[in-house]
Structure formats: structure tokens, C-alpha cells
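In order of appearance the chains are A, B, C and D, and numbering begins at 1 in each one.
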Amino acid sequence: MKITAEAAKKYPALEELVSLYSSRQQKSVFWEDKVHAELEIVDALPNKLIWEFKVEEKHCNQLGNIHGGCVATIIDICSSFAILTYEGKGGWSLIGVSTDLAVSYMSGIAAGQTCRLECDVQRVGKTLANIYTTVYNEDGKLCYSGSHTKYCIDSRL
Amino acid sequence: MKITAEAAKKYPALEELVSLYSSRQQKSVFWEDKVHAELEIVDALPNKLIWEFKVEEKHCNQLGNIHGGCVATIIDICSSFAILTYEGKGGWSLIGVSTDLAVSYMSGIAAGQTCRLECDVQRVGKTLANIYTTVYNEDGKLCYSGSHTKYCIDSRL
Amino acid sequence: MKITAEAAKKYPALEELVSLYSSRQQKSVFWEDKVHAELEIVDALPNKLIWEFKVEEKHCNQLGNIHGGCVATIIDICSSFAILTYEGKGGWSLIGVSTDLAVSYMSGIAAGQTCRLECDVQRVGKTLANIYTTVYNEDGKLCYSGSHTKYCIDSRL
Amino acid sequence: MKITAEAAKKYPALEELVSLYSSRQQKSVFWEDKVHAELEIVDALPNKLIWEFKVEEKHCNQLGNIHGGCVATIIDICSSFAILTYEGKGGWSLIGVSTDLAVSYMSGIAAGQTCRLECDVQRVGKTLANIYTTVYNEDGKLCYSGSHTKYCIDSRL
């Protein structure tokens, strides 16, 4: 997982989390390992996080497109990180746990493409956060979208 | 991926698909490879397919529970196979492509447990199919649920 | 809104809420008024509430079936009441507020029919509750389903 | 239901549908009657339709905010009309029937306010269309969102 210098400078908490994920990469066999080397934060704005994802064969199904479960995985991860771009009262320290994730599949994206994910932080409340993600192929066509609801676990700190 | 002899006998199309997934296992690096060795069809009934999934560390997040993206992946796969248990007019030959997948995360399931997935085929229409899946931990507690809508691609045959 | 004597006896809190809704009926112009006279609780079991709904023309769209917004409305109301059938630690006193409602429309139900709603209480946690509802036509065919997530507001008491 | 002159000029099909809904208003008792007098199309752009909705007591629940079922109803109606702003190959003649509607409730909107709905047409395919709607209160705060999937019924013409 990578992050541009500019985004890292604006949101140090994002860079820390990227480092944590990247360091784990060498030794662990967690679920995220199948996607995080191909993920890069390319822009970070107030309440908005932009990622690129390089699609490889290992992310795909037998039809040659990203597997539905992989789409859900990257939307889960990318939208969770986006919580750290929240600007307003009561931002969270941790990125919480999922309560709901709903993905719509509109068009496939094949191996070899680099797709773009835009995560909009819609709300970060005391208990729940909502992030909406749209995923575009290289031609800028909207191919997938995802609504993610997360539950705050900062009290476990 | 495995299937009990009894289920295979009742639904030959299911056994064929299991064989296809299992043979691919050796040579390929598809997305399903991270879960399919741990999946087993334990019962197949009209409009209902029951699976077991052995949770390993590679399926989990840093909190030690199945990663949200992995939950989505197994619900996607298991509910798709369930289409082949449909009894009624107009069953599909292929298991289609996803249009929508919505997962609710109610409680975590940790590595080491064997969880149980029950997939209910709610409708198989000319164009769309709906399958509802519930995932239980070893104590029979409902931990995840998923609503999956699939689009028929039999015409591509 | 009505409730059978047996269900009222088993769950007094349900009967109270039904009375509250029914008394409001005369004087108010709330949203629920368009559906609650046609709703009846026909059975109440641990973690499960069964309703009947008499479909009239005023609930329908121009195609003659229940309007999608009406389906959402009755699933919202019926599944909320179901929280009061929860048996386990930490039941709620109030039925909370909605955070998410996802409805699938599989087949239409026309005016004149009496449909049946089955609400399964899947989880009632400290903060969130999940209720899954299936709606059947008079022939017992599954026509709609809904996943409802509610947020506890007992602390406002 | 109203439409600005400018929007009507740009999209005659929208104006026709608005007229149809408004003429029905006098004689009928359809579900839409509880909301359509308070709905106005204020802008129509390629793949985007903007509405205003005047919240009255009859749209609200006992807590004084728009009822969840009413939110679902207006998102259903407004996003369906938006299909007629689609620009691209293969636009639909009719606005189809719902297959899925998922609403997130982030914050309440009370009676007396005029809220704003923005409907983004994400895809209009041969069979399915996806429209994403965001609902804002008078201060521009995002309060509700909705993902709507519709199924084409033009072949019934």
C-alpha cells in the first residue's frame, strides 16, 4: 500500500495506517494481503479519499473481471481509511468495524487496468459513520459503487 | 472445495461446478483460491444449499475475525452455487453475474472456527435471481447475513 | 392496527404500542395513517412477529401493485414492532430509529389481496438491532424482502 | 407535482410524466398522492435531476421527522423520474419497476423544512438502471441517501 507525499503530509494518521498495513505485508497472511500491494492513495481531501487499484489476475474471476468479493474487499478497506479524512467535530481515532456493506455491480473491470476509487465520507457520528464509494475504470466509466456503514470502537482503546 | 456424496448425487450440476473450482485450484491464482479449499457443501435441498467454512488466519483481519471482504466473498460464492438447487420452471444453466450484494455484519467469527452458511434461493426469474444467506458460528449464533441479486447470462452460452 | 388476543397476552408491550398507534388514528395525519388500519398482528413468537396486511387501491401504484414506497413503509413499521418480541439479555424499551432499510422487490402484490409479513429478529444489541422481513402473497409466494437496521434510543427516555 | 419551465423545456418527457401524476391527483387515491403535491423538479441536467420536497406533518413520524417509509417513497419516485434525463445510447421510454431500494438514514428532517433531492443516474442498461439519490436539509447537510435499481419494462409497451 502506498500514499503520495502530498496526501501523507496533509493526513499523518493516514500515512501511519498505510505504514502499518505495509509493514504487516512481509510477515503476515491476512486477508488484505491479496490487495494491498496494488492499492495507492493518490489524493486526500476533506471528507474525500481517492485511491488507485491495479487489477491483476489474482483479483479476478473466471470471466476475467474483478471478483465480486474482491470489489467488496477493496471498497471495505478504502472507505474505512477515508474516515481519517473527516473534518468536523468528533472524528474517530480508529476506523471502526463494519455493520453494513452494500455493493452494486454495474460493469466489469478486467485484469491489466488501473481503476480509481473515490470515497466520500458522508457522516461521522458518535457511533456510526457512512462512506459512499464509486469505482471507475480507465475510461472514467462508473463500474461499481458501495455503501459502507461502520461502528466506532474508539472506546476499546 | 468439497461436496458430500449425497449432495453430489442429488445435484450433479453442483458436483460439476465443485470439480471445476477444485481442478482450477492447482494451476491458477484466481480470487476464489483464498477460500475454496476451506469450503464444503454439506447439504443440498430444493432451493437451499448448506455449506461449512473453516476459518483460517488468512481469512481474518487484525482484530482476529473474518475480514468483511472475505465474508462478502464466501457469501458471493456460496449463494451463487445455490442457484443450481432451484426447483421450478426456468432454472439457469450458469450461475450468472452479480448485480447487488449487501452484507450485514452482526458479530465476528474468529480463526479456528468452522462456520455454517445457509443459502435460501428466494427467486430464480428469467433475468434475475435472489439468494439470501445467513452465516452462523459454531454455537449456532447468527453472525452475518447477505442479500445477493444475480443476473442471468445463459444467453452467452 | 389490530392484534390478536393471544399475541396481546403474550407480549403486553406490543399491545400497548398497537393501542398507541390506533388511538392516534382518529386525530392525526401521520405517515403511518395510510397503512395502519390495514395491519394486524396475527402471531407473536420469541424473536418473530407475523402480520397480515390488507392491500387496498390507496397502497398501489399505477400498475395496480403495492407501491415500492408502501412496501418500504410496512416493512419499516412491522419490523420495528418485532423488536419487542426479542427474548434475551438487553431488550429495548423503545423501538429505536432506522439507520438502514434495504428492500428487494421480487414480484408484485395487487389490491384486494391480504399479504403476510414475517419479521425475524436477528439481533438486538446494545446499540443496533437487525430485523429481516419476508412478505408473501395469498398463495404463499415470496414477493418482497427487507433488511432493517435500527439504532437504540432508550437513553432518550 | 411541479416542474420549472426551464426543466420542462429541456426534457419534454419529464413534463409529460409530471402532468400525468398531477392530473391523477384529483380523482385517485394512489400511494403517491401523499407526497406528490409537495414535490417539485427544480433542475434537470444530463443524468441528474434535482427536486425540492416540502415536508409536512403528514409525512412525519411521532418523533417529528420524515417517516422512514416516506423517505423511501420520495427517493423511489424522484430517482425513477431521473431515468428520463439519461443521455446516451438506449434510454428507456418507461421508468421501469423497482428491483432493489436501499436507504440510509443519517439525520432527521422535520416538518416545515424544504429538503433537496439530488438524483444521479449512474447507469441505464438494456435491462437494469441504477440511480443514486442524496437528500439534504435546508442547511445543506446530507441526511438520507438511497440506491435504487430498476428493471426495464419497455417491452410491455
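Just so we're on the same page, contacts are C-beta pairs under 8 Å (C-beta built on N, C-alpha and C of every residue); 3 or more make two chains touch, one makes a residue touch a chain.
Since this is a predicted model, take the numbers as computed values, not measurements.
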**Message:** When contacts are scored as defined above, which chain pair ends up with more C-beta pairs, C-D or A-D?
**Reply:** C-D
**Asked** Centre-to-centre on C-alpha atoms, which chain is most distant from chain D?
**Response** B
**Prompt:** Where the centres are mean C-alpha positions, what is the separation of chain B from chain D, in Å?
**Reply:** 35
**Request:** Could you give the separation in Å between the centres of chain C and chain D, each centre being the mean of its C-alpha atoms?
**Result:** 24
**Prompt:** Distance from the CA centroid of chain A to that of chain D, rounded to the nearest Å?
**Reply:** 30
**Prompt:** Residues of chain D that touch two or more other chains: which are they?
**Reply:** 99-100, 102, 104, 149
**Prompt:** What topology does the chain touch graph have (line, ring, star, complete, other)?
**Reply:** complete
**Complete:** In the complex, chain C touches chain A at residues 99-100, 102, 127-128, 149, 151
**Request:** State the interface residues of chain D toward chain A in the complex, per the touch definition above.
**Result:** 102, 104, 106-107, 122-123, 125, 130, 132, 142, 145, 147, 149
**Fill in**
Counting only contacts in the complex, chain C reaches chain D at residues 24, 29-34, 57-63, 66-70, 72-74, 76-77, 97-105, 108
